[in-house]
Structure formats: C-alpha cells, structure tokens
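Below, chain A partners chain B and then partners chain C, in two separate complexes.
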Partner chain A sequence: MAEPTVPAIFDVYRYDPAIDREPRYQRYTLDLAPHTPVLSALLRIRAEIDPSLTLRYSCRSAICGSCAMQINSKSRLACETHIGPEMERHGRIVVEPMRNQAVLRDLVVDQASFWRQYSLVEPHLKLDPAHPMPEGEPTSMTPEEVERFKETPRCIACAACYSACPAVEADAGFPGPMALAKLYRFVVDPRDHARQDRLVRIQPNGLWLCLRCHLCTEACPKDVRPSERIRDLKEMAIAVQGATENGSRHAVGFKDNIEDRGLLNEMRLVRQTYGTLGMLGQVGQGLRIVRKKPEIMRRPHAIEGVDELQKIYEALDPEEPK
Partner chain B sequence: MRKHEVVVVGAGLAGQRAALAAVEAGCDVAIVSKLHPLRSHSGAAQGGINAAVGAEDSVDTHTYDTVKGSDYLGDQDAIEFFCRAAGPTVVEMEHFGTIFSRAPDGSLARRAFGGAGFPRTIYAADRTGLALLQGLWERLGTERFTLYEEWELTRVVARDGRVQGVIALDRRRGEFEGIAAKAVVLATGPAGRIYGRTTNAHSCTGDGLAAAYAAGAFLKDMEFVQFHPTALLESGILITEGARGEGGYLRNATGDRFMSKYAPHVLELASRDVVSRAIVTEVSEGRGFPGPYGGYVHLELMHLGREKVESRLQEICDYCRHFAGIDPVTEAIPVYPAQHYMMGGIGTNIHGATNVAGLFAAGEAACVSIHGANRLGGNSLLETLVFGKEAGIAAAAAARSASAPELGTAEVEAATAPFRSWSSRSDGEDPSLLRTEMQQTMDRYVGIYRTENDLLEGLKRIRALQKRFERVRVVDRAKVYNLNLTDAIETGHMLDLAEVIVVGAYARLESRGAHWRVDYPKRDDAHWMRHTLAQRGPEGPTLSYAGVAYTRWEPKERVY
Partner chain C sequence: MRLAYYPGCVAQESGKELDIATRYVAKTLGIELVEFPTFSCCGSGFVDEANEVLNVAINARNLAIAERAGLDLLTICSTCQGMLSLAILRMQDPAVRSRVEGALRPLGIDYRGSVKVKHLLRVLTEDIGLDAIRARVRRPLGGLKVGAFYGCHLLRPADELGWEDGEEPHAFEDLLAAVGATPVYYRGRVMCCGFPIQFVKGETASRIAGRQILDAKAHGADAMATPCPLCHISLDAYQNQAAKAVERPLDLPVFHLPQIVGLAFGASPEELGLPRHLVPTDAALAKIGAARP
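Our next item is the complex of A and B:
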C-alpha cells in the first residue's frame, strides 16, 4: 500500500571553500510523498545519489537544533519542513546554508559567532551570597513564576533567528535574537540576583539595535518569539535605569511626542534622542530632509481629541515592572 | 600531542556531569563531542526524571520498583545507591538553573510513569531532557575546560590494560588527532541506529561502546534492547510515556483498551517491555489498524481536554502536528513500538570504572547495571546525572595517581591508516547501504519477539555484512566535514555491536524483561539470573557470565 508521490526538484547550494572557486547549485529530482520532510529527502539524496552532500543533522524531530538552513529563502529546520507545500508554492525547493554565518561546506556553517553572542549574555544563574539557595531543597517557584519565562525555555539554539535577522547582518555588535531571548530568560528568573545589572549592561550593548522587524519570531520553529522578549527587555531596561541610549531615548521621546500632541515633532524627537549637542551630528541629514519637506520645521498642532489619546496612555501605562 | 588529565567523550548529560565533577576536583579536563553539547540526544528526553521525595514516597519504593522493572537482573546494591542519590541530584539540577514544571504550592510537579508505584517523575513539560541539558551546560559554562567540538571518537588507546588516551576525527578539518589522557570517561550515549525503526537520533551510533569493546572492555547485557511502546509510525519519533502518565489510553481497532488483558492492575502504565509486547501481539493477531507503514494501535489523549494536552504535552502536540499530520487534542495518535534504549553497555561498577584501568563510562553507554532487563521510564535522565558525577569523581582520582600517558603520532597514524585507506579504493562497498541492510536485519530478526531460527539468521546476515565491510569505500574525497567517512566509521562500529547483541540474545535461553524468546517463554532464575559479559575475541565476541547482586528483594513473578 504505497503512498502517492510527487516529483520534487531540489536546487542545493554546494560549496567547499577548500576546493571550489565559487558556490554552485546542484539539481536533484526524486519522487517523494508530499509529507516527506526536507531532511529525509536530503538524506535520501546522500544515500542514493550523492554521498558528498554535506549538512548538519541529528534528532530529525525538531529538538536538537542541528538542521536549520534556508529553504526557499526562509530560515527553517529541514526536519519539519515538508516538501509538498514547498513544491506547490515555489515549484522547486532551493536549499541553502543559513545566513550570517560563514559556510564551512555546503549547508554546514560556522556557528562560532552565534555561540559567542550566547555566552556574552552570561547565560547562567548569578547568585547573591546573602541569598543562598535553600539547603537540600529545591527553590520554591509558583506556576505563575514559571509563566514569566514565556516560551524561552523551548529554545533549541538552532540559530534560525540569527540567520533571519537583518540587525545581525548589519551590526556585529548586535547579540542576536537567541542571545537576547536567553538574557530575558535569566532576567525574569526569580533565582537570579543580577537582574538590574544584566539590564543596565545590555542597554548600551546592542539591545536597541533590534529593528523590530519580527523576522526572528517568524523564523523560530519553537515559538520562542524573540522579538517580543526583546521588547520586554527594552521596557524593563528603561524601567530600571531610564533611557540612557539613543535607542531608548528615541523610544521614550516618541511616546512623549504622541502623548503630548498626537503627532510627531521631528525636531523635538531628534533633540530628545541625541541631546542638544548631539543634534549637531544630525545637521547634514536634517538639512536634506528640510529641503524635501520644509513643513517638518513647524511645531505640530495638537490633534483633535488628544485628550482621549492621553486617557488611552494613562490606561495603558503599566505599573513599574517588578 | 594534545594531553589532558581527564578526557570525557560525549557531551550529553552524563558527559557534562562527569566533566563538571572532574573540573571541580581540580583536573585539567577536555570534552570531545561530535555534536555541539546543546545538540546532544539527552535533549530529546521528554517525560521526566524520577526521584522519591516527600513523605508519601520513599527511596525503598523507588528501589523496589526499579528492581521489579529490571525483571530482577538489576544489581540491587547499585539500584539502592542510585535511588538514594535521586533527590539530591534533582535539587542540584534545580539549583544549577533548570526550569522544572511546578505544583501550585511552588514545589516540583510530579507525574505518574510506567512501572512506578507512586507518581515520582519530576518534569519540565514534555522537554525534561532539554531543560536539564540547558541547566547543566549553562552551569558548566562557568568553569574552565577544553571543548573539542565536532570531534568524533574513533579509538580508545589502551596498553597493558591501561588507558593512554583517545583518537578522534576533527570533522571540520578532516584530520585524525590523538589526545593523551590519564583517564577517559566514555559518555557517548545510545547505539539505537543499529536498528532502522528507532526513536534515537541519527548521531546515536554507539561510538564509545565500540571503541571500548575494541580496547578490551567488557560489554554487559547487550541483548537487552528496550522498545518504547509509543512511537510515531513512519518516523519512529518518540511519544513520551508521560502521555499515558497524564491519563492517555491505548486502544486497538475494535475499540478495546487492550492493556486490561496484559496488565489488569495498571493497564497503560505497565512497564515498557510489557506494553510493547502487548501492542505487537494485538497487531499480529489482527486487532491493529492497517496502514502503509504496517499495523498500529491508537494512543488517545482527546479525553484529557485541550488545556491539559497543550500545556503538559506541548512538544508532543508539535510532533504530532508536524510529523504525523494529526492533532492529538481531537484525534487519536497512531503508534507502534520502536527501539528506544540499550539496557546494556560498557560494564562498570557504581563509580563508572571498567575492567580497563583509567577507562570509565557513564550514561546510556554504560551498564552498571541498574536497569537490568528493562529500564523504567524516568530512570535514564537520573542515571546520566548520578553516574556521570560518580564517573567524573573516580576519573579525577584515577588521573591523580596515574603516570604520564603514552600516545605518539606514529601510533595515531598506524591506528587510523585503515580509515584513510577507505578513500583510496577504486571500488568497494557503500557504507550507507551496509548500514541500511544492518538496520533491516536487526529490525526483522532481533526485535521484540525472538526465536533461535531468527537469531541464527540475523547472526549470519550481520557476519556477512561485517565481511563486506572489510571492503568499504569512501567516495567523498573532501577533507572538511566528510560525512561519507563518518558514516563508514560509525557503520563499522555498529556492525560490531550488532554482532554482540545477536550473540548474547542467541545464548540467553529464557525470557526476561525486554529479551523475549518465543522458544523459551519463561524466566529462568536458576540458570540465567546473571549478567552477560562480552569481550572481543579473534572470532567475534567471547561470552562469560557474572552474578547479579541482590540484597533485600527476592525474585518473584512480575505482574503489573
């Protein structure tokens, strides 16, 4: 009782930097059931057609995080991406290594930078000698306290988020979504005593480089939602320390502007973000904008119903996070 | 030559715990692992970790359940030591940072598991292995040690009965490297890929077992292979026993909760060997559902309600949706047994010591023995941590008194020459084809129900594959990350282990735990309450036997 199959076309990135002058794409065609995972297909290619095709894989059940790669330009786990929908949508399956990490061979990338960013957030409990762990007993933690970790304990460090992230590509100083989600996991841990220090240290160290594009959340196979946890970190960082960075000052200024008049006062926002002196550095860009859009110099009037808006802000204003 | 006091091979829970203990003892420690530590197969463990804590449960009950679960082949002194260590081990992991699921009062939540007289399985949703692996790796990260990441073990070097170090393939550079060591801890995990239908990861190829065996260590009780009752059909992906622990039912095609026939008192929560045999019997007697991947039964969670299923069995929901295309909240899960765990392994005492001086083993690669003929769910995560720590402490002590190890470049060259010759052949055997045939042979002839004829046929086929393996050929000539080469190395290792499993199973003329001989359906304590020890000889494994340590629990018939 064989299952129906469909012809599947794979265009697979091949590159051995030690031998090849440049990468190439190799086409493999085979008949497969539509629910076949891309990983199974690649392993079949290895076993039956080309044993030199190189990739990382282990558990085949989306828990070891080894087989993240680009499948039709999306960073995904090969083990849980099925060939049927990919063929239907794209007519072929383009398989490439993850982005933002150098290729070692074919689909295998060097993950050193990813792991370094992870260790830079100091992913371990920091204890206070004044508050030792209970002797011979587990720490008490309520289910509600466990809820505060959100989905971060599900992270399998597959680096799909790191591959998908444009801020990682643009700025080597950005820790990346996984490392920041991991930081969040320690910041909300009731056993950790370095919460404030962690938040103060991350503010000038990449927290505000996140572009809020949510591509990490889209890429994450475990629904960890790194971009939402980065947003939480930003709120918590401002709450413990105020806005100390251009990024956080911009965020606070933006809110002040809207709360005040319902419209942005761009000049005021630039001053709030960079400070009066810092504005000098923005003069060049400012002049270019003014030339195209002179009305930007005018102070905006308050919009109609701004008092209603302010009531919304008042209602939304969260209590200081614990 | 690289040199360390203690080299730990494998970076799952057992290896990491051994490394931590050896570092804390002041040793210069290196970890050799073919995967990044966070990608280890320990992370795939789902259901939980057993510990008798609180007034209602006791170490004695946990010990008794484990002894009974082992079908009286487990060493009772070792089991008692193990169960006594459980509580402190779980507390330590909690203090390291592991995020466990909690009861409303803030204590560690517990669930029921098969073969246990009390709900004593502590868990982190249905990803307990991942939670422990993260907690331990993040704790170990605060210590100093060397990590040889993506280095694959190929040899343990021993001379005159004493370990000198290991030889490993650096996958990224494609070079074989020697690492001299005063003590070596093998924590390389499972060898489940000897079978085709297995819950184990592709990386579970028994590298440490094969290397220890080649170096003269005993392999113990290798014929005891656990088949997990509930794995998805085509992929063999595990559906945790926790699904039944939370109240899941097994039903056959006639709608019967058939476990009432096989285990009238505890039904679905009988031990794994009992439930697996029941499912195979139901299907072979025509009461299974038919399908393109063979007959199967249903695991039902629908009656538990969406809230419970989605919160406590979150990963299971994902597995079912992604890998079986069904929603366990509203549909039954088609399941059938699959190879899951090796009760056997490198023979050790409770300190991880083997018969080779300076060589230690822990975790699934080792056999202490606490699982005997059948392991209880929730005991393997505990085993990795309890005996990983013991092995690390013992290895550090051994390193302190050992003389400098001797491992020279010439020796590494000579030991790895065969591997390198494989790629200069102009024709020969394809390692992945040999592997597939080995897996088919083991699935067909050395499965849940065994007979003399099947085992003889299996042995004949495995030996034929070993013969063909002598002409194995590696066609990929690249240095970097040559999977064709590692496939070949691993296949050679697994063929040796497959031979040991079949020879042990053929020789054991009784049915005990996971080893079921259709032609000898009774347990035979008079002749067979003893451990099988296999040592490498010129014509394959040589078997000898050792007594089982028992203290307080007289063997009796096992009824669930």
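Our next item is the complex of A and C:
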C-alpha cells in the first residue's frame, strides 16, 4: 500500500571551495512520506537528481555519528530527523553543514579541531603504575560506581554539540562539550589514577568558558547532557583546587556573597572575582554604568531571615580546613 | 490573580527599571504582586557551579515561602526561572531531597513540592492570554521590528523545564505580535548572551553578545527585547564592549519584556524606567510615537 506523501522542499547548502567564490543554496523538491529521514532524502537527491551533492554518512541508524549537520539551524543527525515535523514548522528544510568547523565541500566539514580537542583531554585510562590491572582477571565495578558515569559512555562523537556550542564559536581555545563530557567519563572512572591532574589541567581557558546555555544538551542525539556533566566537573574542580581561576573565584565568590545578606552585592562580587587591583580594569565600564544605574555602588539590604539562610550554609557548605 | 512576586537581585538593584515596568504591567492587568522580604537570591547558576545541593536548598527555601502562603511564584528573570524550576526537579531525587530536608527541617522549613514557578512571559501568554493583552493595547507598536531574545535558562534543558521548545520557541514572538510589534526571527534569539563568562573572559563574552545583536540587526530588527535582566546587562549595559569585540557599530536598543508591553499599554518612557538604559531607546520610541517632544 502506498504511503501518503507530502511535498518536501529542501534548500541545501552547496559550496566547493575549489570552484565556487561563495556558498549558494540549491532547492530540491520531492514528494516524501512524513517519516522519511532527512538523510534518506539527501541520498535520494544524490542518486536521482544531483550526483555531485557531497555529504558524510555511514550507518543510517544513529550509531556511527557521521551525518551530523544543521537542519533548520539545529545541529542534528540527518538519519534520525524526520522531514514531516520540519516541513510543518518551517515550510521548508534548510540543510547546512555543521558550524564551528571549516567547510570542505557542501555538507562535509573539516573535523580536525574537534578531534584535536578530544585528544587534548587524553581520553584513555591512566592507571596507577603501582597497581596495574591484574592480567587475565576481570576487573569489576559496583553498581554505584557505574551509576557515576551517567550517560557519558553513550557518546558517539557526532560533534552535533560542538556545532551547537556558542563558546566554541567565540573562542577557539574552548575544548567544547564533547571533549569535556569525555573528560568527565574518565574523571569518575574508579580505575583512573589521574583524576586530580585532569581536573587541574582543564581549568585555564577550558572548563570555565562553558556558558551553561545547554544548547549542547538539546543537540545531543544520545542524551549525554554535556552541560550538566560540565557543571559536575566545575564543582569537582573547586573541590580539588579551590578557587584559583576567574571562573571558580566567581562561582565561589557568588556563593559566599549571597550568604552575607541573602541578595547579591554586585560591587563586592566584582572585587571577589578580580581582586582589588584587578578591579581597576573594570573602572571605566563601571563608571559608564553607574551614571545610569547608581544602585550598583550600594550594598543591598539584608533579606529577612538571613540567619536561616546562613544555617543552611552551615549544614550544606561547611568551611573546609585548607 | 495573586502571585508571589520574586523579583530577583538584579531587578532590585542595577536592573530596577525591570521591576518598575513589571509593576506597571501587573497593575494594568490586575495581577496582584504579593511581596516577601524573606526571598533570597536564586544563586544565578553560579552557586549551582560551586555547590549543587546548597543551590537546591536555597531555592527550596524560596519555594517553601510561597508554598506556605498558598501562592505560585512569578519570576521576571530567565535565570531565576531556571534555577527555581531546576530546584523543584532536583528535589525529586531522593538523595538530594534527603540532604536538603536535613538542612531545612531543623529550621522548621517544610517544602512539599506543590508550588509552581512561572515566568512573566508564561503568565502573560498562558494565564492572562493574548486576547486580554490585545484588549489593553492603547498604543499599538506600529510594526516596530523587535527581535525577542529569550535567555537560556528560560528554555533549556527543555525536557527538564517542560515548557517551550528549547531551540524553536514562539511564546515571546506571539506576545510581540499581540502588542502590534513585528517579531523578527533570527538564530540568535535562542543563543547565549555571554553573561555567564563576562567575569571569566570578558572579550569572549562580549563577542558572543555582539554576534547575537548583529544577527538581530541583519534580520532588520529596530530593537531587541528580553525576559532576562542578565541578558539585558550583556546586551545593553555592555553593548559598547560587544561592539568593540565584533568591530562593528551596534546601537540597538534593548527593552525588558514588560517595557515593550508597557509601551503598548500607553505608558510613558519614564514610567517604564527607559532613561536608565545605557543604549538610548529614542529611535525605537520615535517609530511608535512615544518619543519625548
């Protein structure tokens, strides 16, 4: 029985740097069943209409992680994104290569930076040389230890998160969500001996550039939830190293700031993050703002019941002897 | 309608104009804002980075205050909305719940989980409704092209917050259309404003803000509007830095959500605190006939 079809309009990004001066969008219109994956449609376009269309794919089953691209601006696997909902929402399907990576041709990007960031977190077990794994014997983990990995072992390295990340877009030094989620996976591995070193090394120009915008968590086809694991890494990093970076000083400073009066003291926080000397660099911008918003200079009032809040801190955030 | 009003820190200090505009809109629509001097800061995502369970406990205390009064919470900040919502969710984890209750119970604080947290955007579009909003419009915005800028924590993680689509929301654009503005659709509307790393690496933060503002402009926006005062700091108070970072002039006025609604209801710029903005709003006001002579 023939399935009902809908007209599907594709505007596909085309660019061959060897020939084209600039990218263009090529329109293809096909009649397709609503549940047709975008990847199947692209392969049909290539087979029946335009053999020059270049894309990367392999398994067609959301396992290999090869076909990530932008579909109506969202970073997604083409093999598991159906055309029906996209047509309903947008009236057309704009297909573009992933962001944050240079285009090699059409929908294929150069993934060198993505893989370089991945290798920089050293995604392999580092064992304690004094306690090598017993040869020929299985090692075991408790269910609690396995639980700590959360969803991170499910990552298929498709780079959809890397494509969606505004911190990667703005700062080439940022490792990106996938590399950090992978780092988390080794930090919580009970067999790994380099936990502390990993948490110290990832902080400068790394961990604290995460914006916690959660765009990676939306993009991830495997629900790895990189943004939430990056949060976990931040708390663990403060636990092993204290507040030594702008980012950790700001997080810890903010926490301590609230304990005082219950509301944020904006000026005090700037001092906590930058130090009194470092504040000098902020004076110009501060004066611009103060003219319109004089309140930033004053201490906020204390909330009623601030003692209650302080008792919560005593119970859940005790001063640690350093 | 009575709601527990949770203004958050910024609207009580540098973002006071947001509080002023919220009160104007609430009064016009007959929303009674019940105030609690006991509310603390939500932790703004930073306390969550330093100590997740503490952050949940701080917000469980805030939630319990509204719950005891039998009121749902009204937030006017995307980040407050996100933090309070996530506290509700995290409290469903038995391990987190038992630690938080261990700290709250001795203080006589009992959080049961019956309270709802709603951002002003949701109250206006769902509870008040667009028809009631339209009925109050005295100064339709005359097709002013406005780029909504949502703020991450209002939208994501979408499966946990359970309201709008995390990447393709429409509530704000619906509201803008209801008050006579022309919503501008651009990718940046759901992106990050850069604020969380303003104090980590200011130049990167400003580049991120600048890109979103440029994106709105490239799509023809006369102004942006945001439901988040932290985004407003990045987009307005630091717009000069954003312009420097993207090496382009920006000069795009940025409204708080209730300011754009208040203008449509007929409020004067002063009644909405508009003179407090760093980027002048005059050009946008002139387009809707609200500029001072």
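In this section, the second predicted complex is superposed on the first by the 306 of 322 C-alpha atoms of A that agree within 3 Å, B and C clash if a C-alpha of one lies under 4 Å from a C-alpha of the other, contacts with A are read in each partner's own complex, and residues count from 1 in each chain.
One rule holds in what follows: a contact is a pair of C-beta atoms (placed from the backbone, for glycine too) under 8 Å apart; a residue touches a chain by one contact, two chains touch by 3 or more.
None of these values were measured; they are calculated from a predicted model.
A.B. asks: Here chain A is shared; do chain B and chain C fit on it together or clash?
C.D. replies: Once chain A is superposed (C-alpha atoms), there is room for both chain B and chain C without a clash.
A.B. asks: Would you sort A:250 into first (chain B), second (chain C), both or neither based on which partner it touches?
C.D. replies: After superposing on A, A:250 lies in contact with chain C but is clear of chain B.
A.B. asks: Check the residue A:305 against both partner chains and state whether it touches chain B (first), chain C (second), both, or neither.
C.D. replies: In the superposition, A:305 contacts chain C only.
A.B. asks: According to the stated criteria, A:184 is in contact with first (chain B), second (chain C), both, or neither; which is it?
C.D. replies: So A:184 meets neither chain B nor chain C here.
A.B. asks: Looking at the overlay, what does A:162 touch: chain B (first), chain C (second), both, or neither?
C.D. replies: neither
A.B. asks: Using the touch definition from the top, say if A:73 reaches chain B (first), chain C (second), both or neither.
C.D. replies: After superposition on chain A, A:73 lies in contact with chain C alone.
A.B. asks: Looking at the overlay, what does A:28 touch: chain B (first), chain C (second), both, or neither?
C.D. replies: A:28 sits against neither chain B nor chain C.
A.B. asks: Of the two partner chains, chain B (first) and chain C (second), which one does A:15 touch, if any: first, second, both, or neither?
C.D. replies: neither
A.B. asks: Just how close are chain B and chain C at their nearest CA atoms in the overlay, in Å?
C.D. replies: Value for chain B versus chain C, nearest C-alpha atoms: 16 Å.
A.B. asks: For chain A, give the residues common to its interface with chain B and its interface with chain C.
C.D. replies: none
A.B. asks: Give the list of chain B residues in touch with chain A in this complex.
C.D. replies: Against chain A, chain B makes touches at 35-36, 38-41, 43-44, 88, 90-91, 94-97, 99-108, 124-125, 127, 130-131, 134, 138-139, 141-142, 172, 201-203, 235, 237-238, 290-292, 314-315, 318-319, 322-323, 325, 430, 432-433, 436, 475-476, 478-484, 487.
A.B. asks: Would you mind writing out the residues of chain A in touch with chain B in their complex?
C.D. replies: Answer in residue numbers: 1-3, 16-19, 35, 37, 43, 46-47, 51-52, 54-55, 57-66, 80, 104-106, 108, 111, 115, 119, 123-125, 133, 136-143, 145-146, 149, 153-154, 156-157, 185, 189, 191.
A.B. asks: For the complex, give me every residue of chain A touching chain C.
C.D. replies: Residues 72-74, 89, 166-167, 169-171, 205, 208-209, 211-215, 217-218, 225, 227-228, 231-232, 234-235, 238, 245-248, 250-252, 254-255, 258, 262-264, 266, 269-270, 273-274, 285, 288-289, 292-293, 295-296, 298, 300, 303-306, 308-309, 311-313, 315-317.
A.B. asks: Please give the residue numbers of chain C that touch chain A in the complex, ascending.
C.D. replies: Answer in residue numbers: 9-10, 12-16, 37-41, 43-54, 57-58, 61, 99-100, 102-104, 106-107, 109, 152, 156-158, 166-168, 187, 190-192, 194, 196-197, 199-201, 204, 207-208, 211, 237-238, 240-241, 275-278.
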